[in-house]
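Here the chain labels run A, B, C and D in written order, and each chain numbers its own residues starting at 1.
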Amino acid sequence: MTEKIKKDRGSFLGPFNAVRFLWKKPKTLRYPFEPKEPALRYRGFHLNDWDKCTGCGNCADICPNEAIEMVKIPELESRPREGKKDERPRLDYGRCCFCGLCVDICPAGSLSLSRDYFHIHFDTDTFTFIPKNEILDKEKFFPAGEYSVLKASLSHRKKDYEGFSSDLKYSLFEPERVMMPQVEPEERKISFIEQVIGYNKEEAKKEASRCLECRLCEEACPAHLKISDYIRAIYEDKPEESLRKIFEDNPIPAICGRVCMKYCEAACSLRIRGEALSIRWLKRYVADVINDYKTAMELKPGNPTGKKIAVIGAGPGGMSVAYFLRLKGHDVTIFDSLPGGGGTMRIGPPIYRLPLEAIDQDVNYIASLGVEFRFNTTVGKDILFEDIMKDYDAVYLGIGMTISNSTRVKNADKCLLALNFLEDNKLGKAVEAGKKVIVIGGGNVAMDVARVALRLQNIQHPGKEILTQTVSLEDWDILPASKDEIEESKEEGIIFNPGWGPKEVALDEQGNVKGLWCKKVKSVFDDMGRFNPSFYEDQEMLLEGDMIIEAIGQRPDFSFIPEALFKKLEFTERRKVKVDENGQTTIEKVFAGGDIVNTSLDAVTAIADAKIASEGINRYLSS
Amino acid sequence: MISALKNDLESIFKDIQISAPEDDRLIINAQKDAVLTILKFFKDKGYDHLAMISCTDWIEEDEFELIYIVGSYSVYAPAAEDITSDKSGVSKEAAFNGGNILLKTRISRKDPRFITAIPVFENSEPYEREIHELFGVDFKGHPRLTPLFLEREYKIPPFRKDFDTRRYVKDFFDQIPFVENKEK
Amino acid sequence: MRELELYFGPQHLGMVGNFSITLKVEGDRIIEAAANPGYLHRGFEKLMELRTWIQNFPLVCRINVVEPDPMEMIYAMAVEKLANLEVPERAHYIRSIYLELSRVSSHLFGLWAYSNMLGFDTVAQWAMYHRDLVLDLFEELTGGRVYHIYIWPGGVRRDFPDGFKDRIVNTLHTIGGCVPDYDAAFFNNRLFYERSKGIGQISQEDAKRLGGVGQVLRATGVKHDIRKAESYAAYNSIDWDIHTREDGDAYSRIWVIRNEMIESVHMIFKLLDAMPEGDAYKKVQNPFKWKIPKGEAYVKIESSRGELGLYMVSNGGDKPYRVNFRTPSYTHGLTILEKMLRNASIADVGNIMISLYVVAPEIDR
Amino acid sequence: MDRNDIKKWFKSPDKMGDKYSLWAIYFCTGCGIIEIPPVITARWDAERFGVIPVATPRQSNLFLITGYVSVKTLRAIIRTYEQMPEPKYTVGFGSCPINGGMYWDSYNTIKHLDKYIPIDGWIAGCMPRPEAIFVAVTHLWTLIDQGKAKAYVKYREKYGLYRKNQEMALGKLDWPPLYTTGGGND
């Protein structure tokens, strides 16, 4: 080539080659008269769907330039149980580099980038703004006809102009959870082995690694456990540290790791477009891998204060109060009528959900700190409440709901009560199951009862034709039992009859149970939203069965409190014991918590109450 | 090839540790007085390309680590063409030939001095100048250790780990007032 | 004649980028030149130590504004090496296509700069126009015109949009169709020959001695290209050539650039044909929990300017402990430029600098 | 756009002249410069807007500060800005000069450019597209028309304060003050 050029001086006509370009169309874009649309994936200014946005703050955390700040929006309300905060991101376009990391990390998928990119202004303050979308911010978005690039700015944007948006396949988080290994329905329904096998180390680490540390769960949790911290410790393979974090707020991880109502998972930001983090199973993993809490915890009770506290009821609340107060150095004694700790947890959740060993793991640790447990001691019978009031400096009532309600339909006395049935079964008394069992109720207790009955049937009547079915007032859409429970019950072969109410227990000639007459439910709640079922009296059916168990709720037993004192005890409108912000009842030095105080009726709320009460008791004792 | 080179090195030089984590990498930890000789050794073996000199501040061990990364130009020199006639890739020996040698040495952080590698590899000049500026390492024999990038002087050279750039920005740039009152 | 010191740049029409040279001149002959970089020094390597692994992606591409893509690629490769990550096969192909597109766009930018400097304004306009067409492709693929932030550890950030293959082919045909025009107006033009022949000449020995890479080296006849020597992405799976010239002057360098650009276009066609279906991204660790085991890595790739290396150390944390880039412009713009300017005339400074293809932000980082 | 409005040309020829001949100084201060070549070449063609790049500050009246400004560049920017004849207009490109942008924690880039020299307008983006540059030019026209693009007057009036800030960032400046009067000078 070099040689050629040297020789070839070219023709003077050469430049006239260019003449042919005269007939070509000009390449210049006559912008702005001839607009050019940015690409469909263009990364321009932010859009944020406030309805989807949870205020989790992941975008602010990932931003490499600290361009995003979460600001409180006064007109929004914070709804921690739904995982919604009243904060929304604010962008600083004096920092933003339009990388879109915030879009790829947004678990709710609310944040996206539009194709707008015009903002020209002489005032740098205008470069900070809180993004919304066109539905919420109507006056700033204009349809294509009214939009003009010459006016375009952060307050004059184009409608329907979404650019770079979130794609789950390419997101920076993992939307799917690590499968929890479970015993197959066919296998589990013929025995009481624990259904959930539990994560192994790799699975737990992998699941823990999904956590985005937005801490929505911590706000949703009644006891405000430091969830992000203990999950991070699991990810870093430090189960001891994780356990210490859990124990700061919850002294019964083995129990809660199995039967918690997991408000945290309902608030998890990953649930919005994927599956929530398995927070409960991860807690259980920690309790499972650490056999000896004592060495892991390195905790000692505080300096003795000489104060004595009595706790009535060794349930989750009672044990927690005892634990927190013991750490402060007080002497705590727990009274319980059962032969072991756990309270309702000991008798309620069947063995396949919560084995006794797990309960004892927690109980033994609390006992090892010096908390005195007095089992098989029924207050009011074995020891008088008056004596307790005399001998102790403070009393905590964590008595829970111990009496099952009955439907009180005709012949209802022939039925079994749920708690009695569960207790007998769990504590090892022989229970004989019928071949055709009917369970009345649609809550979690009813599911437990039905599934226990099914197992007993399978064990006691192998190879024979068996049937377990439930009847509940509530129809599918409002069935109070948790979705998992319903799903698992169906897998095991339990038949549901939702939307039917019990009318009468049918008896045969010998007076044995033969079935249950039911009537169709018209509505469960009345116009005011109160529980007040109404029925179609003309629609009836007979469910055949030789055993009926009622699982329609429980109530507390206050019979141990002497009448004079009981009169002083005030109740709220919802028939709950009234307590002040210290957890103290209207009786001096008597504190209360758990199911008799709150309406949530679960273990973790009892722990939350216990935390408040323990601080209240401590304050009370030190004043 | 790799083992031969390793053996050669080990027989000539004492006090060095050699590891070969991959087929085409050789990591050598050497005492500081042996560095230039080892570089020369490699240059004579055909590793004629000094890719870079880097420096790491291991503040906890109170040492700087200097890293000399040496490669070769010759893999695809016409002479080497026939070794790699295979289109799909490079044969192992050739790959190593074109691979990288990481020669590392540690110097004290309190009194960071070293000698220049310019006599062996001429293009180490700007690298050493940069390390001098950003880490404060003195290279004996370097002709011009004048500032390369920075306009201002910093008490601690900015690439050292104890230089906190976020703090510096706060203490310096944020202290300069706005000309106009920002709050309106 | 008296010796004078002359400041050349940073605000100077003959200067590309924010760079300056201090010249010691006698008349118009340069006795000694000292490069004076640092106008664009932002302390990237320090900033990267303060950002998590994923947060560094938006940052790293900004090191070199002319072609940010090899920067993304090399950082992703280093992370993949340290964290031992796998990349899906398709992602390798997409990466290669993307990097070659970036090479084309970068070379067109270089062609703009060089032809503009030599006074070939028409060719400069063409080159810039054609580069803009490539930028349109990038915009469609990645959502950004200049900074793409597209290559991620574990693959690429999004797959090709529908019909994107065809649009790549169309655009490249448009550009390729103009090669005869370019040749007639520029490469085979006697004026180009006379204005660049012998300018900034360097011998093969000097180029090697001073750490030359890329076109500077290939223009002296060394067949050296990292894409072959230490193949990465999908370069191994297709058949292509390294282009060299013998003379080592500006003319040869520009010719190498031209040939490489055409080779890149051919490579893209081959890669598009061979591209497998499948996933383009394998998820990496959640960024808030991502830690990379202790270790160090040196990776290198061939950017459009030559060997681009990255030495990275992890101490097992969520951020890199030390990052250090070996950029091709570094030796070209400092040692080789100073060598070439010795005894050159002032009028050739811009010519030499642009023919060396120096990108100032790459030197300063 | 009132380019063809003859009356206006008669009424205020100075403004019209300023508006339609914005000559931009050719100075690559940061990465935003990468969009300038497309803007001034065939596809986008800034000459339609009267914007052309010129070689020396003495010929120019528009200073596009394209992106981040390192401390070393700041010195050159101030020098260049002071050499430009009045009336002169400055436009800051992208996030970095507004509030530090990408390099908000870098020890070597200045975070708020308006602390050192006055700015007439800012363009959002990282980096601003050619379209945004054109729209910015039209905005600048409006500002000139309304008499609001008076940053250079501010510089004269508050020179003392600007100079003080410049010296805080760069140390003693080796050129004499541009103006001897101005707020904060005494």
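Keep in mind that, in the parts below, contacts are C-beta pairs under 8 Å (C-beta built on N, C-alpha and C of every residue); 3 or more make two chains touch, one makes a residue touch a chain.
Note that the structure is a prediction, hence the values are computed from the model and not measured.
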item: Chain pair with the higher count of C-beta pairs in contact (B-D, A-D); value: A-D
item: Whole-Å gap between the CA centroids of chain A and chain D; value: 56
item: Chain centre separation (chain A, chain B; CA means) in Å; value: 53
item: Mean-CA-position distance for chain D and chain B (Å); value: 40
item: Chain centre separation in whole Å, for chain C relative to chain B (CA means); value: 22
item: Junction residues of chain A, two or more chains touched; value: 27, 38, 64-65, 97-98
item: Chain B residues counted as touching two or more neighbouring chains; value: 149-151, 158, 163, 165-166
item: Per-residue multi-chain contacts in chain C, two or more chains; value: 38, 41, 43, 46-47, 50, 58-59, 62, 129, 147, 364
item: Chain contact graph, described as a line, ring, star, complete graph or other shape; value: other
item: Contact pairs between chains, per stated definition; value: A-C, A-D, B-C, B-D, C-D
item: Interfacial residue positions of chain D with respect to chain C in the complex; value: 25-31, 33-35, 37-38, 41-44, 55, 57, 68, 70, 72-73, 76, 79-80, 102-103, 105-109, 126-127, 129
item: Contact footprint of chain B on chain C as seen in their complex; value: 37-38, 41, 43, 45-47, 50, 208-211, 217, 222-225, 228-231, 236, 239, 242, 296, 298, 300, 307, 309, 311, 313, 321-322, 324, 326, 330-331, 334-335, 364
item: Residues of chain A touching chain D in the complex; value: 27-32, 36, 38, 45, 64-67, 92-98, 117-122, 124, 127, 149-150, 152, 154
item: In the complex, chain D residues that touch chain B; value: 70-72, 75, 100, 104-108, 110-112, 114-115, 118, 154, 158, 161-162, 165, 168-171
item: Residues of chain B defined as touching chain D within the complex; value: 149-152, 154, 158, 163, 165-166, 168-169, 172-180
